[in-house]
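Each chain gets a letter, A, B, C and D, in the order it is written, and its residues are counted from 1.
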Amino acid sequence: MEYSREELLICTIAHMLDGVDHVAVGVASPIPGAAAMLQHALGGVGRVTVLNSRHAQAITDGATELFDMAAQGRIGAFFLSGGQIDGQGNINLIGIGDYPDLDVRWSGSFGSAMLYYLVPRVILFREEHTRRTLVEAVDFITAPGTSDGIHRPGGPYGLVTNLCVFDFDKAVGGFRLASLHPGVTLEEVHDNTGFVFAQPEVVRTTPHPRPCDLEQLRGAVGLRVADPYPSFAGRVWGISQPKEFCF
Amino acid sequence: MITELVDLVAQIPHGASVAVPANRSGPAIAATRAMIRAGLRDLHVIGVPTSGLQADLLIGAGCVAVVESAGVTLDEFGQAPRFVAAVKAGDIALKDSTCPALISAVQAGEKGIPFIPIRGLIGSDLLRHRPDYRVVDNPMEAGDPIVVVPAIRPDVALFHAPLGDRNGNVWIGKSRELMTMAHAARKTLVTVEALSEDDLLADPKHGPATIPAHYIDAVVHVENGCWPIGLSGHRLTDASAMTRYAHMAKTDAGFEEYLSLAPMAAE
Amino acid sequence: MITELVDLVAQIPHGASVAVPANRSGPAIAATRAMIRAGLRDLHVIGVPTSGLQADLLIGAGCVAVVESAGVTLDEFGQAPRFVAAVKAGDIALKDSTCPALISAVQAGEKGIPFIPIRGLIGSDLLRHRPDYRVVDNPMEAGDPIVVVPAIRPDVALFHAPLGDRNGNVWIGKSRELMTMAHAARKTLVTVEALSEDDLLADPKHGPATIPAHYIDAVVHVENGCWPIGLSGHRLTDASAMTRYAHMAKTDAGFEEYLSLAPMAAE
Amino acid sequence: MEYSREELLICTIAHMLDGVDHVAVGVASPIPGAAAMLQHALGGVGRVTVLNSRHAQAITDGATELFDMAAQGRIGAFFLSGGQIDGQGNINLIGIGDYPDLDVRWSGSFGSAMLYYLVPRVILFREEHTRRTLVEAVDFITAPGTSDGIHRPGGPYGLVTNLCVFDFDKAVGGFRLASLHPGVTLEEVHDNTGFVFAQPEVVRTTPHPRPCDLEQLRGAVGLRVADPYPSFAGRVWGISQPKEFCF
């Protein structure tokens, strides 16, 4: 069955969420959001919260509630990204240059400097896989990949890009190649990665989306995705937001 | 109490710390335009926990000395261009933080306690640049370092809410951080989408999400007071107006032109 | 989720810490009677911030090992007689505190932080008897000692609310501490005065004061579930029933008789 | 104009509240509550909150809000009492005996161990004026009258009993007789007070309630008092709670 790049990424991430009780996702993260909704439909995720969405959340205590839940252990998985991500799992959401005199400034750290520490399964997701984004050492550590001597139940679980999937090895404090997306070569990944990573002797290929997953995405799950992510669902599946989900 | 924008803005002194909500929780953009027309200077803008168009407009217009926030963004319309330009030019001082630290600090301000602990942050470069954030030993458990942040009591909390009444009570719906901000701030200035003739505080359904009037220093009825930002459950964001802003604000000249046009120059 | 009292009570293990609200914020008295009939033992009752008839009944029935509260009182009906008798007999351990310390501790539990500072208490004998409360130096200002209290995450939060729905969402009105308790607790068990057929969370007016179902482990529809205590905005306290209780519970024998009668023995 | 004991106490306390922006009162304190409402009607108090009342409060954030307001300085005056009050202004709301093995146990400290420190003008009100209640040293300090070396913007302002009014002298850390209620002798106060107090050379008499105050109490203010304190207003003034104020 043919599939799009987005569908591959969604199914790949969905697999990484299996067994999580509660997944929280930002409203600007349609691929992780769709992955969480797919895994929820498959029964592998208990609950999905899409932050700031109108229907796909049950937040009634304002901006504090997500972070309070995370600190209590009520969120099992979350997604973060980074303008830069380095081989130690450090992420940079602030900018490039010598802070505060930055050459490039990004939006800011948002909740990352707390959630990265507290959510057990943080999945790093960055579609652009280049030496510009995946660097040896970030210019600014918005949140570190690992920590010693502090309360830190959470941290990176893996990194998903347009080319491959990395697992994060907490003991070593670095990434290990888990699978290459169909058609991607190991050389391509090496050429485009600024950090050193471990790799198994035989490198797996990221599994193709299963037909049943694709059916879900293009059907019931797609409709749910269209609520918080209308333009994404429209672009990828031609699904327009049903009336009753309108803002 | 129920007043006009110009009187609301007159309650904000130069140099005030002004707490504002995130894009999705009701930024008072019409009031922001009035602030720019009034020529406010040296503001310390506090995003609770982030800001967007509102901070960008104020920065671009030269009203801001300090930005304390976990992020400044136009969301799907891209980066906040005047914020980015001001950082590169070194025109504003940055107090970068992370969402829960800002929210907790305002909650500590609400509670009248001098500090509050927060997990995370240790090992982040954010902490290196925030000498006001401290690492202490958890007094409840040896060998457990934890960050404490100082309480924030802003001079002003400013936001747009769905509903007010003639007594000055303000109903906020699910954006509970607006109540936290009003409790923490020394002055609270609000624009409202609609003005009810009923006493919201006495209404059993509205009451529980209503900020009582004694916390509120000005209420101005401004329909569409977030525009071009949307108001959850009421209005969508005006995508074409946002796109236009994001485009024009990319350059100094474009932003100057934006300022010279309605509704910025006059409305 | 929507269940019966006996199933609600079955979720409370012996020895559990059970957070309950003050008389005026919806104590689940019908559920309390069911707890007594179920023979629960060694409970750690936490008043948030006080308790009344509910703690007194549980203490008198021998269900309680520890009372952590800022007060136990029948309000205008006098002292809580079984509490007073148990203290004099040395039958219960006391963790006396002050209202804001208990509330803050539960808020810290809600926030997942290990401790929270609170003003006052220094020089009070309460502090001498609470080794879990510590005095630290305010890290933000030298020479400013301040008390910090450990977070409370109760095993169970138990209360009666005005309205629930079939999804398990619970509307609490202005008694916001009930939401704090539900957020902080590992399990939340609720009786409701009425059960709505609508989704309270989706309703713009009820939503902001609604605890989402994912925090709730049992909802039981019990009309008049606070009786003989009143429910703010719904029912007055039954003064004659309270007077009768206050009188009978003065003596061991009188309390035993009270337990043997309906609705205590069966209802 | 004739007046009742309650009316004298109300007018006496009302006088002590003059100039306070916001007075908070417990729902079980009808005399202080009526005093605050009277002074509010006279224009000397900005706002009165009667805790847990149905109409005479504007609390929408639950049990925390009173204490948060107090800690912020948003409450100018509050009332406390004590099973015992001693000459240093220490109050005991816990019991008599050697804690925790008490001979007499009272309800508990409630908010006193925080509010006594933070509310600038705490008025102690204890109608029973005996050596049993006004003691040399309390058995248990629920909250101390004064403190050294801590942040304490608040504390005792005065003590009102059935016999007299004491001012609290913060510098000295003790009470000073301010006035004797009409008909009360200095000897009577000495005989019934367990602690030593300062006294002026000429002791004033507590002023009689003014006719205008009594008119207010028996009219518009009484009606307001009947909302949170129906049985009190019924007993003292024969005012029954108006329908629209019903619980």
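The rule is simple: a contact is a pair of C-beta atoms (placed from the backbone, for glycine too) under 8 Å apart; a residue touches a chain by one contact, two chains touch by 3 or more.
These figures come from a predicted structure and were not determined experimentally.
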State the chain with the largest centre-to-centre distance from chain D, centres being mean CA positions.
-> A
Taking each chain's centre as its mean C-alpha position, how far apart are chain A and chain D in Å?
-> 59
Whole-angstrom distance, CA centroid of chain A to CA centroid of chain C, is 40
Geometric centre distance via CA averages, chain C-chain B, whole Å | 36
Touching two or more other chains in chain D are residues 59-61, 64-65, 67, 70-71, 118
For chain B, what residues touch not just one other chain but two or more?
-> 104, 111-113, 118-119, 144, 146, 174, 176, 179, 207-209, 233
Specify the contact topology among the chains shown, as one of line, ring, star, complete or other.
-> other
Every touching pair of chains is listed here as A-B, A-C, B-C, B-D, C-D
The residues of chain A that touch chain C in their complex are 22, 47, 55, 58-61, 64-65, 67-68, 70-73, 118
So in the complex, which bits of chain B are touching chain A?
-> 21-22, 24-25, 48-50, 69-73, 75-76, 79-80, 83-84, 87-88, 90, 93-94, 96-101, 103-104, 107, 118-126, 129, 143-146, 174-180, 230, 232-233, 236
Which bits of chain B are touching chain D when the two form their complex?
-> 110-113, 153, 179, 183, 201-202, 207-214
Chain B - residues contacting chain C, complex = 104, 111-119, 132, 134, 136, 138-141, 144, 146, 148, 150, 172-174, 176, 204-209, 233
Please name which positions on chain D make contact with chain C in the complex.
-> 28, 52, 54, 59-65, 67, 70-71, 94-95, 99-103, 105-118, 140-144, 147, 149-151, 247
